[in-house]
């Protein structure tokens, strides 16, 4: 652990309007592992996740202090360039939102805006990512069909492929399976587990069983604070903190 | 108890009557125009420009005004879009963090929308005098463009607001710039833009007060931006003012033509809106 | 890489310019019209312009009182006719009408709003004027040509139907079903629920719709011009002719530059319209915005 972690959060405070959403967050996200952020709804899970790639820039009344270091670079520094930071992180949101274009163009969108124009290279990239998300065999004959024609589970995998195509190092998942059926959920969960060889993955989830199935580490957030952080088994089966114990047992939700 | 029941019934009947009057007024208007205009309709009306003595009841049609109206409304819609699309994008994608400011701008456009077209006409006239432009196609297009900008901006703004935030987050998190995100958003709302174009083309084609001072009037089809251009509403207005019965009748027929054009546009827009809302994610 | 960011920056500045330019239109129109009206304001002063009734441009006398009164008469008649009808219609469409009828009715309100002003004018000339002349006026006055503030008011009323109906329906739809259910569960009839609960809740929205409709009616030009008779005299009954402000501007643009001070006077008329409508619009928008915020909270 001598190497600097991909994401390191130092003294992060987030206010939205008059509310103090996140309070003095300090954490190093483990590399090449799946880390789940759990906690009751409204505790600040999603806020924490979105502060990793500055998606709060688009929202009114948000004030952020402290540091988020991505590969040692503070993304909230005044001179930070946000598009290249975001490129390092793929985001998988609650529901799939395919771009209004074909399946192929969805995956090729990211590489194209980042300057890849050669058809050969794009073809190869698209195939590679669609294979990585297990979608290739299902869609290879209709790459030019509109992405909205896919089933919702397929759409979510397409969105994952789209995110992977820009070559991120980190994947952020914001309750990425909450809109999906059990079969698609299982596929996505398996994908997360296989992808951790190459990527550091951070997931927000409110399903404890899911956190247990997929993650190596767990961050428990309550009322805007990190209560406990550690390996999955330890946090879920043998929590140190009273609050974590109550949450895991289902007393707080 | 009986009084309560009676009151309920009474107001129910009143409501149905009011609804019949309000929605029936549409049929009354279109019916009147058809009834009076149809006898004077003929092929010449839409295929010929006014001949000599047209305004005392001789040969000709109002092709000049039909074409003129399409030029003015088309020019204004295109020019209006070129200005409104960037404004709508700016309010939505570049001012997200400043809600107070963007809402103030929205309100300013709402107020601008409320300004009557005669004021736009008068103001357009002032601009023309200032720049030394004579009453012409160009003048008409400028005045009508001013008229349609506020409503175009607000419509596009509303359409863009229906695009889910997650779609923007999706492109942004791929490392796209705001402009690249805007292009995706525009793609998403393309059907909405078409609807807006149709609706405001319809509004632009029917407005008189703004072109009254600015477009002038001519019996010829304009061949350049600096020539005066006839417009349909003005042609109707002038012909109706004539004491000659034949000319008045042609005024009714012209009104019928304008009504048909506008109805077709409105119905098309309505169909598009329905289609659009069906395919939204 | 840097090129993309540069492009984004440049385009952002360009869009900012477009936005500022089109928003400042509001200011520019106001200032432009004021600047052009200054000569006549300096010569006669606001009070004299607004309160005197003599309109003799050739003698340099410009009293706007008849035109202001003409506008007020026409607008008032239009609102008195349109408001109750539209309120009842909106209530019927939102609260009573079965879904099937709702689907049939809504398009007609839309279509009505698409009809151009000049067509309303033609309809007024062909339908309303003869109606007043032959069937309405004879019961009240000895003689009327039909061209009157009443005709203007009726035509205007029909023109603002869609605006009022759509705003009031929208406001009615925002009233939560739970509230209606609560009243109905207490044994109130539907009409009692409307009277005691719905209308009270919707009142600010109805006021805003009315104010917006008034400002629309104030500015309507061509349709009113065609049916009002255009006589520069203060009307005293609904069957008198009237000469609203917008009609004054539209009718006289031709001679605008040939008579001294005339252009200034007409621009003053436009300025008056602009100011009145600006105020009314801001008032109604503030009411509506506040309503929206209260609902969001």
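Letters A, B and C mark the chains in the order given here, with residues in each chain numbered from 1 onward.
Methods note: a residue touches a chain if its C-beta (ideal position, glycine included) is under 8 Å from a C-beta of that chain, and two chains touch if they have at least 3 such contacts.
Keep in mind the model is a prediction, meaning the values are calculated, not measured.
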Contact-richer chain pair (by C-beta pairs counted) among A-B and B-C: B-C
Chain nearest the overall C-alpha centroid of the shown protein atoms: B
Most remote chain, CA-based centroid, reference being subunit B: A
CA centroid of subunit A to CA centroid of subunit C, Å: 52
Subunit A-subunit B separation of Cα centroids, rounded to whole Å: 46
Chain centre separation (subunit B, subunit C; CA means) in Å: 17
Shared-contact residues (touching 2 or more other chains) in subunit C: 4-5
Multi-chain contact residues (two or more partners), subunit A: 83-84, 113-114
Residue numbers of subunit B (touch at least two other chains): 177, 180
Parts of subunit A lying in touch with subunit C, wherever the complex brings them together: 81, 83-84, 113-115
List of subunit C residues in touch with subunit A within their complex: 1, 4-5
Subunit C to subunit B touching residues, read off their complex: 4-5, 7-8, 11-12, 14-16, 18-19, 22-23, 25-26, 29, 32-33, 36, 84-86, 88-89, 91-93, 96-97, 105, 107-112, 114-123, 125-127, 158, 161, 165, 189-192, 194, 212, 215-216, 218-222, 226, 246, 249-250, 253, 266-267, 270, 273-274, 277-278, 280-282, 285, 289
Of all residues in subunit B, those that touch subunit A in their complex: 96-99, 164-177, 180, 184, 187-188, 190, 279, 281
Subunit A - residues contacting subunit B, complex: 53, 55, 57-62, 83-84, 86-87, 89-91, 93-95, 97-101, 109-110, 113-114, 148, 159, 162-163, 166, 172
